[in-house]
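Each in structure tokens, the structures are laid out below.
Each of the two complexes below includes chain A, the first together with chain B, the second together with chain C.
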Partner chain A sequence: METASFWGRVRRSEAASGLALISPTALYAILLLAAPLVTVVLYSFAQSEQGKIIWDFSLDNYIRIWSAPNVQLIMLRSLTVAASVTLATVLLAYPVAYFVSFHVAPSKKSLWLFLITIPFWTSYIIRVFLWKGIILGYNGVINTVLMGIGITDEPLQAINYNAGAMVMTLAHAYAPFAILPIFVSLEKIDRSLLEAGQDLGESRMMTFWRVTLPLSMAGVIAAVLIVFIPTIGDYVTPDLIGGGKVPMIANMIEVQMLKQNNKALGSAIAVTAMLIVCVVSIVFLLLNRRFLSGQK
Partner chain B sequence: MTFAEDKPNMIEFKDVHKYYGDYHALRGINGTIKAGEFFSLLGPSGCGKTTLLRTIAGFEGISSGAVMIDGKNMAGVPANVRPTNMVFQSYAIFPHMTVGENVGFGLRKDPRSKEDKAKAVAEALEMVGLKGYGGRAAHALSGGQRQRVALARALILKPKVLLLDEPLSALDKKMREHMQIELIKLQRQVGITFILVTHDQEEALVMSDRIAVMFEGQIAQLADPETLYRRPATKQVADFIGTMNFVPCDILSDSGGTIEVDAKGLGRVTLSADQVPPAQGVDPVVGLRPETLTLLYDDQKAADREVKGVIDEVIYFGDMTYYDVYLGGTDVEVRLSMRNVPGRPVLDVGTEVRLAWSPTALVLFR
Partner chain C sequence: MKFPALKTYAVVYLIFLYAPIVLLPVFAFNDSKVIAFPLSGFTTEWFTQMWGDQQLFNAVKNSAIIAVSSAVIATSLGVFAARASTRFQFPYKAGIMGLIMLPMVLPEMIISMSMLVVLLAVGIPLSLFTIIMGHVLITTPFAVAILSSAFQSLDKSLEEAAYDLGETPLSTFRLIILPLVMPGIVSSLLICFTISIDEFIIAYFLGGNQTVLSVYIYGQFRFPAKVPSILALGTILVALSIVLLSIAEYFRRRGIAKTGAKDTGGFL
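== the complex of A and B ==
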């Protein structure tokens, strides 16, 4: 009797039904997210010998990574590329989001947003090949045009297989991700605030600077995070656009994990990269809190 | 209530028209607003009153005509250089700033020192009763406080004209009545021209020196509150301002100076010229306010005219009672208001009563 009523109570309790409802997702997250993460962290403190993991806990991997100049170079390059992509994407996305929010008729806004997502209609790999072959390639649009109008006699090598080409490709790929959060934050701004800014003696430009921009910073910071985090770990673009000549962190991890069969060192690089992303994200989240604190 | 006619004109509307596509929002607005006046634009929603206010602020261009502020044509003058400031309906308090930063927003180009500006902000906050609120976050304020911040933020710039777009509509009744009186006092204190947009006729009557009543993009009447109430220019204005009884009538003679009518249930009346506004082409009716009809108790005698009636409805308000009464043997129903005083009982439905009234209280619409 006691037990029955106890189980009856458990079954009826909100907490139990809540747990039951989230259990599939929770299980999925634990198995596919938490468990691999823990494994990678554990690996990073172990040693690899001929592909086998030796559970000999030390910081050797990290010491190796942080003292190797080529690792530092690649880390720095990843950061630079991700930062450039983020900067370019957000700077280009802001005017688009602003235009759609402020200058497109309300009835047409959803159409515009729909059009902005067009790049997502094809797979990223295909779009990378488009940039690589058709636009930036040896016989691509840019080289053909440059040769056609007589600026160069032979195809330029410099526009492919370098960090600049990677930034361009990634910025194109992530544009919608940056436009949408900025658009949302601009949409939320009460338009009478902008009129108030002008009414109080500021030009449109200064009203933008003192009212619109600060109030849309939450969206800008969201865009920064959404673009920065995936690009710093991007693997496909350096491999294909960079042609393996300008590797980034992900490529280095791949080399250690698969080619060198050094899972321990690969894991340590992965954890290091994660920490860098964490630090950058936390900085931006703190900034975001500052901007969000002023809003309802 | 009489307003000094000799004051200079602050705002002049010269045949202002405004189209939104095919929609004719303002249809030939003419009129002047005097310096230092508390002026109201009153009308139902969609009558164009807010549009007209926004043409003064510079947020709306006009299709034709002219808006003059202090003698200068405002055509092509953007909002940020006009000598006007606005209190928005939503108050438009900048959520990312403190109360002090909000109030000091317009002082960026002010050549005064930082300390002097801070002092001005503190003084402005004190003026609206928010002393010491400068450091508070703007988003944590109540509705009434937000409105005060909006007022301080506009008044600190010492505009020639303060525009108020339904500033009290978001407040509860008590707070609204309190702020009405505060705004009147504030206006007297600063001496700035206030232009208030409202759909609340009571609010307009309480606060304004003069009122422009608007319908469908036109000013139906521009007058002081008493004239507006006692001598409405059109039936529409009469209906919009307060309560007005309309009694159908036949026009018997029109001599130009006086008009004789036969009002249903009231009988023959001779009206003087000031009781007859220009004809508008409506079926002739005489209008009379509820308080111009008085119930006669016991052996009280009417000072002027008397009419019999039957009470159809009793509406009790505490200090007042409203009676709906059928006029002597007709289907014409009028509403009258009686102040409740001790020893004068509230009467029941169905009671036969005598009413006192005076022909001088009538207005003829035709």
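== the complex of A and C ==
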């Protein structure tokens, strides 16, 4: 009797119902995401010999990575490319998010958002292919335009296969990712604050600078992180647009893991990449913490 | 319309976003092996050529199996997580939800490599099944995001009324909650299907020697002669994505209208 009522209480308790309900999804994520990530971290401290893992705890892999000039170069390049893509995407996205939030009739807002997100849902590989072949190619749109307006006489060879082309392709791919969080934070702004600003004699520009922008910074910060993190780990664009000549972190992980079959070293590179992303994100959040406090 | 400059910018931005997708059918119907302006004439030859490719049919079949399975499993897992997180308070909620949503921001390369390491260590052979495992992992966060907004807009008093009238939790879920969130479920299924069909990295690294659609396309990059028929294939894929997304959007809006909530915008 005693135990029955105990179990009855447990079953009715909110915590138990919640945990029971979420357990299938949580277990899936633990087994297929958390466990593999932990394995990679463990591998990074082990050694690979002829494709076999030897459990010999050491920091050798990390020392090898950090002292290799080509690894440093690739890490630095990945950071630069990801930072440029993030800067371009967020700067270009902000006015669009602002326009949709402040100047589009409420009934039309979801149509605009839908139009903005559609390209994001179409095949990434097809879009990269289009950039490579049609827009940046030897006979592509950019060369045609450049020759048409007389800037060059013959097609430029070099617009493919470089970091600039990669930045453009990636900035195009991640554009909607930047617009949505900024839009959400702009939507949350109490419009009467803006009127108050103007009533108190601020110009339209100053109201934007001193009221709207600081209040929407939470969205900008979210946009920065949501673009920066996947971009730094992108594999397809460096492989296809860069033509393998300008590898980034993901390409280096592939080479070590599969082509060299050195799982331990590959794991160490993956962990290093994740650490760099974490450090950059935390530093960025700390730098902007004044915009995040007091909101929610 | 106080800011025509801003509107012009937004329209130019949309054109920039859509430029590649608009150029795609232009060249898919262009009568030339070389992808370049000026256009030389209309042809459907590339579509015919694509249709005759046996490898492609195989890839389409594999992709369809994977996308349907992933969509169904991810949406089911999404229902559990979305219902739990919107209805109940429980310990470690933020941590658990954070882990479930993590694949949305984690680079796919990291996900596929860490899964690959474990699959090889455990000795599970790479196949369509392992791709499904990966795709379920990356589509679940999207399912949770869509379904959470569906569950969030539910009025709790409807559920309480059902209990008062003698329904069990299970029958309440089936009779009251499920019909109300059905549009969200349909929308989630379509979005997960679209993501899975288009996904490349996991399919490439976890597929073993099985080829799916995106991997097939990637493989054709090396053959310049195949480019026009890939453009034809891309045209069909992009059209399919847009149709599925429009249906998903329709169901999402209907779901919001059904529960009487205010529409707050897009999918994410």
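In the analysis below, the second predicted complex is superposed on the first by the 269 of 296 C-alpha atoms of A that agree within 3 Å, B and C clash if a C-alpha of one lies under 4 Å from a C-alpha of the other, contacts with A are read in each partner's own complex, and residues count from 1 in each chain.
Here, contacts are C-beta pairs under 8 Å (C-beta built on N, C-alpha and C of every residue); 3 or more make two chains touch, one makes a residue touch a chain.
Every value quoted in this text rests on a predicted model; they were computed, and no experiment measured them.
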First, second, both or neither for A:Glu202, with chain B first and chain C second: first
Partner chain in contact with A:Trp66 - chain B first, chain C second, else both or neither: neither
Of chain B and chain C, the chain that contacts the larger number of chain A residues: C
First (chain B), second (chain C), both or neither touched by A:Gly266: second
Chain B versus chain C as contact partner of A:Ile229, first or second or both or neither: second
Contacts of A:Ile22 with chain B and chain C, given as first, second, both or neither: second
Chain B versus chain C as contact partner of A:Trp55, first or second or both or neither: neither
Residues on chain A lying within both footprints (that of chain B and that of chain C): none
Complex interface listing, chain B residues touching chain A: 57-59, 78-81, 84-86, 88-90, 92, 94-97, 105-106, 108-109, 137-139, 153-154, 157
In the complex, chain C residues that touch chain A: 1-3, 6-7, 9-10, 13-14, 16-21, 23-24, 27, 34-37, 77-78, 80-81, 83-85, 87-91, 93, 96, 99-100, 102-103, 105-111, 113-118, 121, 133-134, 136-137, 140, 144, 191, 194-195, 197-198, 200-201, 205, 214, 217-218, 221, 227, 230, 234, 237-238, 241-242, 245, 249, 253, 263-268
Complex contacts: residues of chain A adjacent to chain B: 190, 192-193, 195-203, 206-207, 210-211, 214-215, 291, 293-296
Residues on chain A engaged by chain C in the complex (per definition of touch): 14-19, 21-26, 28-30, 32-37, 39-40, 43, 53, 92, 95-96, 98-100, 103, 109-110, 113-119, 121-127, 129-131, 133-135, 137, 139-141, 144, 172, 175-176, 180, 183-184, 187, 225-226, 229-230, 232-236, 240, 249-250, 253-254, 257-258, 263, 266-267, 270, 273-274
